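Below, subunit A partners subunit B and then partners subunit C, in two separate complexes.
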Partner chain A sequence: MTGYLVRRAGQMALTLFLIVTLTFFLVQAQPGDYATFYALNPDIPAEVREQIKASFGLDKPLWQQYLVHMKNTFTGNFGVSFGHFPRPVMEVIGERLPRTVVLFLSATAVSFYVGFFLGKAIAWRRGGVLEYAATISGATLFTAFTPAFALMMIWIFAFKLGWLPIGKFLDPLIWRGAEVSANHIFSYMLLTAGAFVVFAFLALLATRKIGRFGTGRVPVLLIGLGAVAIPIAWAFTGVGYLALDILRHMILPIATLTLISFAGTMLLTRNSMLETMREDYVMAARAKGLPEKVVRDRHAARNALLPVITSLVYSLIFAIDGSVIIEGVFSWPGTGLTLLEAVRSEDLPLVMGAMVFIGLFSLLAHVIVDVLYVYLDPRIRYH
Partner chain B sequence: MRSMGLITLCALILAGIALLGCGSEVVTQEVVREVEVVVTATPDPNAPSQAAGQTSQASPPTSGQQPPASTAQPDAPSPTPPPAAQAPASATDVSDNVYQLGISADLTTTNYWSYLGPDGTVWNLYVLGGTKPSLYGYSAQRFDWVPSLASDFPTPLTEETVGGETLWTTEVPLKQGVKWSDGNDVTAEDFAFTAHTVAELQLPGNWPSIVDPDYFDHAEALDPYRLKIYFKQKPGLARWQFGQAFMPIFSKAYWEPIVEEAKQSGDIIEQQKALFAHVPENEPTAGGYGFDKWERGAFAEKERNPGYYFADSVVKQYANGAYVESKPGAYEFMAYGEPGGDTSLEYRVGPNADSAIYSIYGSQDATVLALKKGDIDFMLNPLGLSRGLQEQLEGEDGLTVIENASDGMRYLGFNFRKQPMESKAFRQAVATLIDKEFITSTVLQGVAIPIYTTVPEGNQAWYNSDVPLIGQGLSRGERIAQAMQLLKDAGFTWETEPRVSEDGRFVEQAGEGLRMPNGQPMPEMDILAPSPGYDPLRSTFAIWIERWLNEVGIPVRADLTGFNLIVDKVFTNQEFDMWILGWALSPYPDYLESFFHSRHSGLEGHNAGGYNNPEYDRLADELLAETDLESARQKVFEMQAFLAEDLPYVPLFDTPLVEAYRSDRIGYPYTTSWGGLQNAAGMTELVLFK
Partner chain C sequence: MTTVDNQPVLRVVDLSLDYLTRQGPVQAVQSVSFELGRGQSLGLVGESGCGKTSIANCLMRLLPDNGQLTAGQVVLEGQDLLLLSDEEMRHFRWRRMAMVFQAAMNALDPVYRVGQQIVEAIEAHGVEETVADARERSARLFRMVGLDPQLMDRYPHEFSGGMRQRAVIAMALACDPAVIIADEPTTALDVIVQDRILRELKAVQQELRMGMIYISHDIGVVAEVTDRIGVMYAGRLVELGDTADVFRAPMHPYTAALMSSFPSISGEKHELETLPGEPPNLANPPAGCPFHPRCAYATEECRQEFPPQAQRGSQWAACWHPMDGADVVMDMQDKLDIIG
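The block that comes next holds the complex of A and B.
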């Protein structure tokens, strides 16, 4: 396994190098450069634009710019963003990343949960009303034109019914006196989620080790208690109302993303379940007289999980680049919108920084999935 | 699995209940905060007349790219009377009013040096504008040049020998009692510090057009309230009155240590970076508001400056041109004639809002929904509203839609380095063939306004309506006949001349074999224009121009392409035949020199077409050197007439700017304003609450 991981690391480095090179030349292939931004301002004469180019290093030959960017990339210093001059690229990405990760991780988790639950159910009860309803509605929503659907959701739930806010991730009237920044809250939310996952994992592990508590409702109760403890802990921090405001703003984008994307997981789970249900061990489980629920959840569903988990891990990793459309419609300024704006304005350092992040996480996703396979399916071994 | 789901559900319900507990905390904190705001926003009645500067400042930078004209624009601009809104008895007598504005992009800096440097976006202007005083500014609506921090007009420019050098000098008296929000006086030292910092650090971006290193030598505080400025050469209106006199003034007490530290940072580029990198905290303001908070990607907030010097001052403009500004017990200023007769405008300066919040929305649709819902009072957008959104908002309860003349101009430009574009007859023939009225009224259904001069009609003080209107009012047949005559007179010939139908409405046979006066066949040419996705109006014009020129045998092709590609080909590489783009224009039209003087025809210069006319160059030089307002006006009129005939550009059209605000909550002293309310950054200091 170690040898395999080392080989994969080498492949990743090479792929990353190719990604960075390709990105650099793709951005450079666009007409003009960042100084074009100033070309149509009659107050800025040509010599001043030249000065601006010089300060951004855009007056250097292409190969020199390339070498500078490669050096920056592999030393972890992505330079200074042109569009947010003179803020370092890492600072800009670091500012946008938590917002995107919180929204899209949550949406992916909800979408996965809904999709998996429905997929399992419709595979088990084939031909029922639920299958037709879930499949037709899921497929319809899956093919919906995302910007129009998202705007429709806003129009119904935010504008007409007034239940939820119209986009953005916070309400300025609530936040204007806040002592902490939104990014602090996003970071704490991520920390909370991470801590909860670790707690849940440890709870499962501990109860399993203890043995007689490993089954039944004890681990579920422990996890439930952990879930209850979270909002109580937040309430004592004094900034719980700010987190609540962010959560309120997350409902509509998460609902939209879930409705648009749950069908993918649902159909994948259904197909995987249908294949698994034909396996001998499922028949054996039934023959042993196990309850249907146990056969479905512990024998069929668990084995059907492998391709679904693969899909989930990829989705989670790609959550870091967000979605330009969703971020745009819901006024959620994350990495997707940042990347788009950087490409439009030819903010080369920011584009490179964002693409390296996305590339790196994508490559990591592949490795994680490969490693995960070994644990999920003991039959798989890498040599 | 089901029990797991149930437990999770129960946990979520409990979590919801607990969070609702947090929610009650929200209400409590909100109330407390509002009380705090009221307390801090109320000035000490026993304090002496406290101060800050006027909102006017240097000509605002454009957002860089010429904004795309929206797909639908309204009819010709018409003044819209504002719904009645009552001003409070006094600007200091305000409740907790929050003026909520929507913007479509985030700030990129809160550092004012940087905003006028590499971060010159219109969004930064909207939020940061109005926090710095300037010596002079523009009056409302009429754009008269009026004192702001200055107490009167400057002394005439005089030649003086200083240290063996001949310099031009002027003295400016300053108002006394104007203070920064940290309690320090705003003095001549602040002006000198700002100008010297710009010059010494060679700040880029918009700064050189404000403090021109070719003109500015140094400034000196004769006493705290009397300033003397030294110029290397005699500055015209563009360099002094409409340039350096509009310079935003920074607090020396706050910025001097930061500037000194920046100067230790290495070479000049590093020094600039160090200055731009500074993130101001509690920077003193002298405007109606001070910058308070920036939640990146979400909103920015400016808080009312309780010591604003100009609060409660009253401005009166008379129909006879007179201008009066006064604040009882503080100052009174009169100019441009004796006040008398009808008052054309009267208002009292606020600010009436305790704070202004700028919420950032990701799309115009979301911003419009927020406006309709009442989440915001006004949306700031340099492009205004599209026709579709305008129709959505018209008739909506509590909303008022207004239209104003815009500060833009779209044009067709020629590359004078190539034949036949260098031929005046050819350019005039092209202008004759373009039926602007047909496109704007019939094809575009009135969303654009045809124009014939390079100064927008809305800029009343400088607009010359008496210019040659080439082609106006002609039928198709007459256009073709006139264009052919122009070309024939210049020596152009056809193998087959175009043939027009008897009723003169269409061309039966297109011209063929057109040859230039030198006998060479007319080359195939391209008109670069933005694609329909970027700007349907300009692409529509390009397509019709292609058709009309082809009819007489001029082989042109409309090349609808990306904006950046056009800018690259036209301004960077100058590889083109003709192009269609647009400009956002400042009130003082010194751009007539930037766009058409031959000295700007090099690569990356604004005279991308390479127009080179010594007679025009002379006029442009005279305009730059002109120091008298009325003489400058005559020159600008003359230049417009010259350009309308010589046609380095064929001015095509303009679009009115449509905006909307929540008239059930707010109002403005006036809404007729060139460039719309967005041009005044949403009038934060004048907005009135109901």
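The block that comes next holds the complex of A and C.
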């Protein structure tokens, strides 16, 4: 396994090199540069423009720029953002990437869970009302035009009903006078989520260690308690209302993303489930006198999960790619929106930085799903 | 031969099953009745599609959606299983009647360790209280079927075919059932492994005094492990008797034909016979005795009416012209020549 991960890391480095190269030349292939952005501004004389060009190194030949760029990228120096001058690209991305990753990771997780849950339910009871309702609505939403659908969601839930904020990361009115920064609160929220996942895992592990039967409800109870304890703990910190504000801003984008994408997982799960339900080991599980729910979840659905999990990596990558659109519509200040703005203002270092990080995220998602697959299917071993 | 209690552990009365298809109902099992004593083993033989596996599925009440029980009783230890609700039936499965599957190779879930799958059955029926006890019990079962208990923590794909078969037998024994149904359990194995596992299965069955129903198309295998033998044709039980009696003197012409199509090691050398023709289409079975289109002895009454049971000691056959005594075997060669 370690050897495999090392080899995988090597492959990733190579892929990353290709991504950086491709990104560089793609960006160079577009007409104009950062200086031409000012060309239309009559207030800036031509000499100043040349000076800007020189100061950013844009007067050097292309191959020289490429080599410098490559060297900088692999030493972790992504340069200074033109648009957010003088902040370094790393700082801008460091601030925005977590927002994007958290939003789209949560959305993908929710969408995957909903899709898998519905998929196994409609396969188990074929021909029911649920099957028609879920398939028709899922397929309709799946094919909906994303920006239009997102706008419709905003119109209904934010504008007409007024339940949720219209967009953005936070509400400035609530944050006025707050003594901590949004990033500070957000990183603590991430920490809480991480701790909760670890806690849930430990609860499962500990229950198994007890070694008695009929303890299936214990971890559920523990995790439920944890879920209740978290908001209470946050309320005592005095900044809970700020975290709540960020959470409220996350609901609408996550709901929108879930609705447009759950059908993919659902239909895949359904088909996979119809296959595994015919397997002998499912019949054997039923013959063993296991409760129907156990036969469905622990045997049929558990095996049906294997091909579906492969699609998870695509869902993740599509979600991050789609962040340009979704973050645009919801004014969510993540990498997608940053990339869009950077492209518009010819902020080349930021464009390249954002694209490299999106590429890096895709590569990581791939490896994580591969490792997950080994864990889920004992027949697969990487050597 | 094993001693048999007076009270049968399993009694099947007049069992009938239809499969609903687009072409209409297919009568897969028709009026099948038999009894199984405690510690006794009964073989069910017949060609593919004669309803052997359907009977097994009826007994476990594991029928596909289009399967419909039209009549009958399955009385296990005094309880008619067909009257139970699904939830009540769930507690009978594996606890009182377990099964060794036809495709035992695939009866183990690939994503769980083999031992875990046995523990799971023990857990579902509350046979043991703790995981440790359940594992200990599984280890005992593993030893009983000739497997190293250390293999419990392996996955099914790490097992050979014979090991999987043993594991599946160990799994069937997990809850100490009163009856075990073995549905072609050794078909996928090579002959040597098959023979060894058969002997062990037989030994375990006698040691634990379980009733066993052994289903196979291979009459030679059935002869090896069973006390009584039932011959099935076109969804009906056409002959039933002590294995030795049936082999010495089959009463039904179909039984005789089935036996002569398998080689005998001890008997005289002769050409193997094949039975011409096909079993009838059960959606539209022939009138009278279903075997009459392939039978050399068929007369007018065979074509008209289903035959009554002809009795001879504890052996019976549903035939108008039951074959008689010792001359049958000598005679069989000529008769089969006529059929051919």
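Everything below uses one rule, namely that the second predicted complex is superposed on the first by the 370 of 383 C-alpha atoms of A that agree within 3 Å, B and C clash if a C-alpha of one lies under 4 Å from a C-alpha of the other, contacts with A are read in each partner's own complex, and residues count from 1 in each chain.
The definition used in the following text is that contacts are C-beta pairs under 8 Å (C-beta built on N, C-alpha and C of every residue); 3 or more make two chains touch, one makes a residue touch a chain.
From a predicted model like this one, the values you see are computed outputs, not experimental measurements.
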- Check whether A:283 is in contact with subunit B, with subunit C, with both or with neither, and answer first, second, both or neither. second
- Between subunit B (first) and subunit C (second), which does A:377 come into contact with in this model arrangement: first, second, both, or neither? second
- For A:91, select first, second, both or neither according to whether it touches subunit B, subunit C, the two together, or no partner. neither
- After lining up the shared chain so the two structures overlap, which partner does A:172 touch, if you call subunit B first and subunit C second: first, second, both or neither? first
- Task: Classify the contacts of A:181 with the two partner chains as first (subunit B alone), second (subunit C alone), both, or neither.
- Result: first
- Message: Output check: A:220 vs subunit B and subunit C. Expected answer is one of first, second, both, neither. What do you get?
- Response: first
- Who contacts more of subunit A, subunit B or subunit C? B
- In the complex with subunit A, residue positions of subunit C that touch it: 60, 62, 90-95, 98-99, 101, 103, 106-111, 120-121, 123-126, 128-132, 134, 155, 157, 171
- Message: Show me the residue ranges of subunit A that touch subunit C in the complex, using the header's touch definition.
- Response: 211-214, 279-281, 283-291, 294, 298-299, 302-303, 306, 376-379
- For subunit A, which residues are in contact with subunit B within the complex? 30-32, 36-46, 48-52, 54-55, 80, 82-87, 95-96, 99, 117, 151, 154-155, 158-159, 162, 165-170, 172-177, 181-183, 217, 220-221, 223-224, 227-228, 230-232, 234-235, 238, 240-241, 243-245, 247, 293, 297, 301, 327-333, 337, 346
- subunit B residues within the subunit A interface of the complex: 1-5, 7-8, 10-12, 14-16, 18-19, 21-23, 25-26, 29-30, 33, 36, 59, 61-62, 64-66, 98, 100, 106, 108-109, 114, 118-120, 202, 204-206, 208-209, 269, 272-273, 276-277, 293, 295-299, 301, 355, 357, 359-363, 365-366, 369-370, 372-373, 375, 562, 564-565, 567-569, 571-572, 581, 583-586, 591, 594-595, 600, 602-606
